[in-house]
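Here come two complexes built around chain A, the first alongside chain B, the second alongside chain C.
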Partner chain A sequence: MSLNYFELFGLNPAFNIDLTALENNYRKIQSTSHPDRFVTALPAEKLQSMQIATTANEAYQTLKTPALRASYLLSLQGISATAETNTNMPANFLMQQLEWRENLEDAKAEKNMGMLESLLAEMQVEAKNLQADLVDLFDTKKDSAMAMEATRKLIFIDKVYADINKAIEQIEN
Partner chain B sequence: MALLQISEPGQSAAPHQHKLAVGIDLGTTNSLIATVRSGISTVLQDEQGHALLPSVVRYLPNGDVVVGHEALAQQSTDPVNTIASVKRFMGRSLKDIADRAHIPYRFVEGDEGTTKHLLLQTRAGLKSPVEISAEILKTLKARAEKSLGGELVGAVITVPAYFDDAQRQATKDAARLADLNVLRLLNEPTAAAVAYGLDNASEGTYVIYDLGGGTFDISILKLTKGVFEVLATNGDSALGGDDFDHRIYCWVLDKIRGGSSSFTPLSEEDTRLLLTKARQAKEWLTNNHEAQIVCRLSNGVLVDVTLTAPQFIELTQHLVAKTLSPTRKAMRDANLPLEDINGVVLVGGATRMPHVRHAVEEYFKQEPLTNLDPDKVVALGAAIQANMLVGNRSDNDLLLLDVTPLSLGLETMGGLVEKIIPRNSTLPIARAQEFTTFKDGQTAMSIHVLQGERELVSDCRSLARFELRGIPPMVAGAARIRVTFTVDADGLLSVSAHETTSNVEANIVVKPSYGLSEEQILTMLQSSFGAAENDKQARVLAEAKVDAESLLTAISAALKQDGDLLSMKGKQKIIAKMDVLKDLLLEGNIHAGSSGAIREATEALNAATEDFAARRMDASVSRALAGKNLDSLKI
Partner chain C sequence: MAYSDKVLDHYENPRNVGSLDKNDPNVGTGMVGAPACGDVMKLMIKVNDAGIIEDAKFKTYGCGSAIASSSLVTEWLKGKTVDEAYAIKNSAIAEELALPPVKIHCSVLAEDAIKAAVADIKAKKLAKVAA
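Moving on to the complex of A and B:
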């Protein structure tokens, strides 16, 4: 039987998790299992240490990143947030998406750093609001359908955020 | 600081015998070797009291090779056979070297087919950068063994954090040629952080700004209770102090040529002479307002020019600015505001330049830390890590969690790169991605592995190509090809692919297409031991013996410590296999052809301990996390 990522770090499966406990338990696992601890060990031990350290890194990244944590919670319920069949999005969010994308393209074309920075800040606020919604939907209301919609929105926001950063990087080069 | 251990008279300290492990900073300009003695990390000096070994290798007419100060002294008189800054050529192909015209070496493209790495034409024949680096490592190894009075168990060798897979692999190959056991490749900024962290017992978030002779790295690390977590790293593996010298060199050339365009090109000797003068001027300007550059060229022209500090700043400000772009990227990747940075550490000789320090201070809005010698700090940190990896420290209070500096991906349709592992992922890491066939009945798929941040294949570094064959014919899009990327703690990549519906498999350890092949390394090993075939055999035998002996040692230690995890029968099974191997290793039984048998017995013994190893890991995991067992941690 395999532990899920939450159990691995001694946490209850929820969107609102104790990030300090996550960090501490992650370090505890790496401190005992990292390949650096097995340099002079048996080859089979080296292999296993590599596997454990790899799993712990993957699990830690998943739980630390809100959008990944939400997707993982859904996957534990057998729901895929990114499946191609899940394309339904509220019309107003789709409109908003278009607007953000257009703003990003304009800022890129004008090499407008200030506009990019303010778009970045806007995405941060949006992400924060969605995370608050997700706490409510996952942990209190336990509404998987609504949680999935919010998760998909968050994934989208993260993508725009990454694209804005990429645009800033390009201008700086 | 650890206390000195004194054993009772007559009792040996054998169970905790100090293993000789070193840290090596294989630098562009200078290299160093350090070790931990009596709990203190120390740089080892040569007999003349030099700590720094100039990374210069000279091939002499009589066939000898000299490394270091002696080679450096002959650089201007014998430039073609005296190789400096070879680190800049590690894992590179000819087209990667941008300013070839101003480098006084004779570059040759490696053989077609197997490799495209560059070679240097010297009087000792064609030399690869790996072989030249190995000469530097051999010199350092000899220095350490002489001063420590014994054979080294292993070494941690540092590499720029921003080194790609090809450059890391080349460094590891060089160590192999120098007969050094590499415990770990460690990123230079991380090594510097270790040296600082232990001295200052610091907690918090630190930036390491490392401008060396030929490479620039920026790393952001978080230190918490003995764990060094790299949050982000960035850099430029072709930017360093050498480039500042080069700017001065070009400026001097402009001066002496005046407006005339008929000036004949400089000889290799003059180029080297002027580059040396340029470096000296740069160093002089660290503490002075102006530097005079005086020398006579071989055509009789007298060079006598004065470079002022403001002129120097104007000439090189764009290079300083070039370091700030990776710095900003790393800060963005770490997702931290400037106020959260507790300290900025300067590493590398080039950070002595006042305008570099000033730029760093201005960007981070705080005065950088310079209390450790920027030339030595990397080697000191590497020695601490080496000491820990061989188990000389018992308190295990330090752990480094490093990241991959560049994204890794695969070529997909239309010459685009699909990223599999993003940059700044904590190591070790494994990621898999599924691909499918494009045509009906397709039975083979070509897999092209790339490294870099850009979207087009042509803008990224090609690491390897391999083919997965024997895919059962299906309609387009029906096959499921799962490609798995694994990056180990050294930052080295291996890739495997298999078709999931039929389980056809192809594995590859990525050997960069312009790196050295296993065959070439064996040939080089052979030539360094003499030319005969039996030397090759002797080498293979020696490697098999070392592996067998280290396995026997590890198992004996494990049995002693955790023997009670095994049943009597299980224990006997392992001991029987150990006896078989020990028997093969007996003086009288060993002969030139026995490497095969030793390998087989080693593998059999290794297989026999798998269950034992699992039990040991299980025990250690459940100690760390009460109630959890190993199986539950597997993917």
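Moving on to the complex of A and C:
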């Protein structure tokens, strides 16, 4: 039976994880499965070590990124946070999304660096608050429905955050 | 990935972008979002007492297909009854715009926005009757 991403790194499935342990265990697996150690190995062993390295890499990236970790936790419960058939989000959150998007468009058009940076800071606060909510919802309350909603919000916030960064880079270049 | 001509046309010349007066008792609003791509869609419809949609406006942040899907439905909605609007299927939108399979969810978003707007105006009109 294959291990889930948490088990792979010896972690309990939770939103609040020990990031240092994750990092250390990831490096351990990477070093034992590194292709350099399998130069003289049999093809089957080479293949196996490569698969382990690939899985460990994917698992590490997933658990390291809060929104991906939350989505993965939900998927372990058979829930898809990004199901394409689910477009239902709280109206006030969507109104706020539109507002942020409009502000981003305006700031981009005006090349207003100050406005972009304050938007970016706002997204950081939002993301931090949602991550605190996710610890509570996943680890304490074990409320999957609310955890899914918060996860979906965090995915939205991350997207706006990435788009703001892109706009900043474009102006800087 | 290449967009179809129809998607490009709606993307470059979107129809009916904007808002209607949300305080107008004849205006219904539908808001939906898709976290997978971070798309947000707001659709507003103005419905007369006969239940016919007189005007439709949209505001969408998302990819070209999401914008084209919402632009197209605002054209389709005008002159339809709310029940006809409610019956619009995402497959019809996807077919009209020749959306590739990975962009079908954009048409789902547009269908759900219509349904949300119709539900909103029906609730508003019911509240008016009850008042």
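In this section, the second predicted complex is superposed on the first by the 173 of 173 C-alpha atoms of A that agree within 3 Å, B and C clash if a C-alpha of one lies under 4 Å from a C-alpha of the other, contacts with A are read in each partner's own complex, and residues count from 1 in each chain.
Throughout what follows, a residue touches a chain if its C-beta (ideal position, glycine included) is under 8 Å from a C-beta of that chain, and two chains touch if they have at least 3 such contacts.
Since the model is a prediction, treat every value here as computed from it, not as a measurement.
Visitor: So, does A:N25 touch the first partner chain B, the second partner chain C, both, or neither?
Guide: It touches chain B, and chain C stays clear.
Visitor: Which partner does A:T140 contact after superposing on A: first (chain B), second (chain C), both, neither?
Guide: So A:T140 meets neither chain B nor chain C here.
Visitor: In the superposed arrangement, does A:N12 touch chain B (first), chain C (second), both or neither?
Guide: Neither partner.
Visitor: Where does A:Q124 make contact in the superposed view: on chain B (first), on chain C (second), on both, or on neither?
Guide: Touch partners of A:Q124: none, neither chain B nor chain C.
Visitor: Scan A:L98 for contacts with chain B and chain C and give back first, second, both or neither.
Guide: In the superposition, A:L98 contacts chain C only.
Visitor: Where does A:Q170 make contact in the superposed view: on chain B (first), on chain C (second), on both, or on neither?
Guide: In the superposition, A:Q170 touches no partner, neither chain B nor chain C.
Visitor: Between chain B (first) and chain C (second), which does A:M50 come into contact with in this model arrangement: first, second, both, or neither?
Guide: After superposition on chain A, A:M50 lies in contact with chain B alone.
Visitor: Figure out whether A:Q77 sits in contact with chain B (first) or chain C (second), or with both, or with neither.
Guide: After superposition on chain A, A:Q77 lies in contact with neither partner.
Visitor: Look at the residues of chain A and decide whether chain B or chain C touches more of them.
Guide: Ranking chain B and chain C by residues of chain A touched puts B first.
Visitor: Counting contacts the way the document defines them, which residues of chain A are shared by the two interfaces, the one with chain B and the one with chain C?
Guide: In chain A, nothing is touched by chain B and also by chain C.
Visitor: Report the residues of chain A in contact with chain B in the complex, numbered from low to high.
Guide: Interface residues on the chain A side: 1-3, 7-8, 10, 23, 25, 27-37, 39-45, 48-58, 60-61, 165, 168-169, 172-173.
Visitor: Using the touch rule from the top, collect the residues of chain B that touch chain A in their complex.
Guide: My answer: residues 154, 183-184, 224-227, 325, 328-329, 332, 388-391, 396, 399-401, 425-430, 486, 488-489, 550-551, 554-555, 558, 606, 609-610, 612-614, 616-617, 620-621, 623-625, 628, 630-635.
Visitor: Where on chain C is chain A touching in the complex?
Guide: It is residues 31-38, 40, 42, 59, 61, 104-105, 108-109, 112-113 of chain C that touch chain A.
Visitor: For the complex, which residues does chain A have touching chain C?
Guide: Against chain C, chain A makes touches at 81-82, 84-85, 87-89, 91, 93-95, 97-98, 101, 152-153, 155-156, 159-160, 163.
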